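So that you can tell them apart, the chains are marked A, B, C and D in the order they are listed, and the count of residues begins at 1 in each.
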Amino acid sequence: MSEQTMYDMEMRHMPDIGGHFGRFGGKYAAETLMGPLAELEAAFHASWEDESFQAERLRLLQQYVGRPTPLYHAEHLSRAIGGAQIILKREDLTHTGAHKINNTIGQGLLAQRMGKKRVIAETGAGQHGVATATVAAMFDMQCDVYMGREDMRRQAPNVFRMELLGARVIPVDCGSGTLKDALNEALRDWVASCETTFYIIGTVAGPHPYPLMVRQYHAVIGQEARAQFLEQFGRLPDVAMACVGGGSNAMGLLHPLRDDNIRLVAVEAAGYGLETGQHAASMLAGRPGILHGNLTYLLENSEGQINGTHSISAGLDYPGVGPELAAMYDAGRLELDSATDDQALQAFKRLAHTEGILPALESSHALAAAMRMASTMTPDQMILVNLSGRGDKDLDTVMKVFGKGEKA
Amino acid sequence: MSEQTMYDMEMRHMPDIGGHFGRFGGKYAAETLMGPLAELEAAFHASWEDESFQAERLRLLQQYVGRPTPLYHAEHLSRAIGGAQIILKREDLTHTGAHKINNTIGQGLLAQRMGKKRVIAETGAGQHGVATATVAAMFDMQCDVYMGREDMRRQAPNVFRMELLGARVIPVDCGSGTLKDALNEALRDWVASCETTFYIIGTVAGPHPYPLMVRQYHAVIGQEARAQFLEQFGRLPDVAMACVGGGSNAMGLLHPLRDDNIRLVAVEAAGYGLETGQHAASMLAGRPGILHGNLTYLLENSEGQINGTHSISAGLDYPGVGPELAAMYDAGRLELDSATDDQALQAFKRLAHTEGILPALESSHALAAAMRMASTMTPDQMILVNLSGRGDKDLDTVMKVFGKGEKA
Amino acid sequence: MSLDRLKNCFERCKSEQRAALVGYLTAGDPNPAASEKLLHVLAGHADILEIGMPFSDPMADGPTIQAASERSLEAGTKMHDVFHLCMTVRKARPEAGIVLMGYANIAYAMGYRQFADQAALAGADGVLIVDIPPEESGDLDAALLAHALHSIRLVAPTSSAARRELAAKTASGFIYYVSLTGITGAEMGSVADIRTQVESLHSQSGLPICVGFGIKTPEQAAAVAAFADGVVIGSHFVSCIADHAGDEPAMLAALDKTCAAMRKAMGNGGSV
Amino acid sequence: MSLDRLKNCFERCKSEQRAALVGYLTAGDPNPAASEKLLHVLAGHADILEIGMPFSDPMADGPTIQAASERSLEAGTKMHDVFHLCMTVRKARPEAGIVLMGYANIAYAMGYRQFADQAALAGADGVLIVDIPPEESGDLDAALLAHALHSIRLVAPTSSAARRELAAKTASGFIYYVSLTGITGAEMGSVADIRTQVESLHSQSGLPICVGFGIKTPEQAAAVAAFADGVVIGSHFVSCIADHAGDEPAMLAALDKTCAAMRKAMGNGGSV
């Protein structure tokens, strides 16, 4: 396929010129940022059509990130469940251990191209922070990462990793000390520093062009998976599933499958249970609102104040969702499911024991839903699950639940 | 290349029928184990010539382990050093995070084929233990891992990982509580359980056929690297380097390069410095002796009592070395170098800051030596370094040294 | 006198040869009752009041105003309290300019129409939503227009010529020039730069230009007042509340004193 | 009487219609001086003494004998102490069988020749190196042969027919049948199984067959003595040292009593 056709294909589902996906998305940003956002948008589009930029991006994805990541048929798990076949897209095998690096490579290169000497990022699970610190180290840029105090506690190894990579991790105490508060702080930093600083947003949210840009950088997940599926199984999956925090791993997997006859399912974090109100299921339990630069589904009270969320997994503990997912959901192209903390933990354990893979707690949500669905399906059907990251960062959390000593 | 030619090529440098590489190697085992070892040897050779076994092994290496691992030109590091180019073989990107899994996939499949329902392993850094627990989970085998008490302390995340994978980690208190003591305990277990239990040794040591078998399972590293080097650079490297604990990552990389005009360098752990006697440099500072089933270079006192060793990296903290490496060294085909704890830590930091990669402390030893050598070479020369594992397991150790807060 | 109170405010100030004092407080901070008294104090000095609508995620604000939002929400402030406070001030000061300031989601959650209805009912003159740029402002503007409420626009140092044009074209009431790239409460930029910007804006638009963000001292206020139509003081006034937490009389006294000092520095020390 | 003391031992026992008691202690455990006394006690009951050479990594041994090695090395025992202890026993008991038992690296580090020289000088009759199977035994055997030292071989339940053959052909002195798959000190296997194995070995080799590993009670010893030429007791004797750590007289008395009980259980309660 020529570069140009690829460009067309990938860009087909563009937002409108203002970054809207239907009624969602947009550019709800402070005036100070409107200039920098326009500059970013122009730079992104120019770079996307620049063959040498794309070649360098693809080279790094291959030689540095370790792409393509394999597609692994979890036969032992599937057999244990006794229903549909579960196929895993192994983003856990990427450098730094989660899909997040696909995006930071892209934005990192773009920051280089734009001559920025400093990058900032928000992070929840710490994977995006690590992935940002990683490219900052590689491209010799200064790096500050905002992270909620509570998230720093539950994802301590990732804090260490960022520091060892030379980044500064700035604790965020306001709010609930989780991802949304880190995003607020990062935006505050950027408003003041946008001349010299590139803000590497970690998911398909934020003001335009971020949702588009991050989707494009992650689309490699679904593009690879699609081709690998055809090659390994001679067909496409019946269902494709991914967990949703902001939605980057979901968009990465699902967007390239959008025109196929495949059920697309996004799995939200049900925390202690949807009925408890303590969860992070923005689409299932939220309503449209405006936060962090875009209009999308939000968890908020009747006054529009953003609710505190809860999920055992820091990467899903966010009250919003990427606007394109909201649009796909509204358009009926996306199904929703959810998994509670407990269900995610059980899925973690099940995958560990049957396949020898420790998934990230985020990804465990997708797995939990996939297992449930698989059990209602037949063995000739196939569910593709995005294993968005590995569970090494979650060891403390999981051991605390299962108890050291007790066999997990 | 046909299967048969490949077999010939790979097996060319066979030990003799008794497992000797020159004067090294052999089968110095208790009589109880001689039967099981013969059975293992026969099964290994039969499986190696069995196309379906090999196909399954290669499939798992690809779809489960994530092979081929990339070859990455560390340009930023090389530029910073200003000498030869440093090229990294990215074993850190494999499933579970170190080369060790190449071997446990092989031995795990072999255990399956032999109908064993239980596997045991010794582990130092915990990477081999995790890799063993991983395949045990996948193949539904019971798994007990012996690990020195001191190593459990310094590689705590890996203890968690093994437990979460359903393995039992058995602390070893005798001796110095490190790798050699774990190996002793595993051998004791195996002597009593060999009818039902497969002992998955984690390095190219132990009685024949282990050194051969483990080398064959890891040879994929060097085979891939050789082909990738030719493809990416149109030539072969001038030097290939790997750290040496037992020697599995070194043999894996270097063996397939043995007939090329490439300097092969093994890097031993110099601990607090060779002159202090507190190190683990068996070839540089040891002499031939017999331990753990083979004759090889050992660190021992004049009476033949094995010395306590010291290395900051648990995976190198072993008083012996694989017999084939000993033979290559004796034959002049292998050069030796070493790196102290401090040098390894500096190399860790340097790679983190220039390339955004956190290497295992084991691999950091190879890096330290490579950086030193590179600085004496010219930019048109190339050093291939086996980045045998990632540093996530070492975060605690490294943070303790560099101090949290202080910029690493 | 026109029906446009904001216009009247600026004209009155102009006639007094001084810049308007635009004072900000967050509604409901530290609680609705105290807030009412504080707003009255502010209204005693300011020409135009900016009444902040508290929001859980005030991402354009610095720590001082973030804390004000937190205190207010903590005290249970709801939007009907905000409108009620607005109305109280309106009743006490029929001639004062009042602008409701806040974040998009508050207005969106209520529905832009209902929001505009309520704002108008409460006696507000205009609305400034920090995170709704002109590009996204269509629906809200339509709702505001129905009540002749002004849609205030921000212009920032990073705004291109085209964006200034856009602001000039779509704004009403006044243009709020952000005197620094950063959040509220940070350090003000250089007075010379600000002057250049304001002069250029004056040449593009007939609207009054107020300058805000980071003005903390009477000296800064005086310097800016020399060329701007209005000077916005926010964090500096809000600090009076945090500085005297728990002591309402002290809080009120401090605010009164601070406002007076600012007002005095900006020329014409008399009451409005 | 032949010059072959081991042979004489077995013949003497045979004539007394009993199995030989083969007793193991680690040389230098808990320290060289006490070890000398303990070996003398053992020599008062055992027909054949196995003198263990302490090793840092005794991987075929269970916790009891591991601990013995550790105590011995901790006390500073060197190989010259081991040989010295051997010689002392030899002098006191000219007719006893003495076998040096241990791990390959000790002999290898010294050099097989020098090791054999020293063993012979110290009055040993044979050598049993746990981790040198017949396949690796060539150099050591040659060195031992030069001094007419026996090379004792192990046969295990896992040894194939071919391996038994190999042991039978290359062993001298006696064959040591390992009565369990496991390390020293574990639980003994079934007596019936052991009997079958020993009878089969008898049919393959003219050498005496001693049975060891895991024999802990006089009853077990008696049962094995009924068909084997010798019964090896190791961990059980070594425990006397650990059980009375720090109290040498008690240690000696316990060992004496334990040895006597074993000896008695194996028939012909008189002294050797």
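Simple rule for what comes next: a contact is a pair of C-beta atoms (placed from the backbone, for glycine too) under 8 Å apart; a residue touches a chain by one contact, two chains touch by 3 or more.
Small disclaimer: the values here were computed from a predicted structure and weren't measured.
Engineer: On a C-alpha centroid basis, what's the spacing between chain A and chain C, in Å?
Structural biologist: Their C-alpha centroids are separated by 38 Å.
Engineer: Counting only Cα atoms for the centres, state how far chain C is from chain D in Å.
Structural biologist: Computed value for the inter-centroid distance: 97 Å.
Engineer: How many Å are there between the centre of chain A and the centre of chain D, using C-alpha atoms for each centre?
Structural biologist: 67
Engineer: Give me the residue numbers in chain A that touch at least two other chains, ranges are fine.
Structural biologist: If we look for residues of chain A contacting two or more partner chains, we find none.
Engineer: Considering chain C alone, which of its residues make contact with at least two other chains?
Structural biologist: Not one residue in chain C touches at least two other chains.
Engineer: Line, ring, star, complete or other: which one describes how these chains touch?
Structural biologist: Contact map by chain: line.
Engineer: What are the touching chain pairs in this one?
Structural biologist: A-B, A-C, B-D
Engineer: Can you check the complex and tell me which residues of chain D touch chain B?
Structural biologist: Contacts found on chain D: 55-62, 66, 70, 73, 78-79, 103-110, 130-133, 135-136, 153-160, 163, 167, 178, 180-183, 186.
Engineer: Report the residues of chain A in contact with chain B in the complex, numbered from low to high.
Structural biologist: 62-64, 66, 69-73, 76, 90, 92-95, 97, 133-138, 140, 157, 160-161, 163-166, 168, 232, 348-349, 352-358, 391-392, 395-396, 398-399, 402, 404-405, 407-408
Engineer: What does chain A use to touch chain C in their complex?
Structural biologist: Chain A residues touching chain C: 18, 26-36, 38, 174-175, 180-181, 183-184, 187-188, 191-195, 288-293, 295, 298, 300, 302-306.
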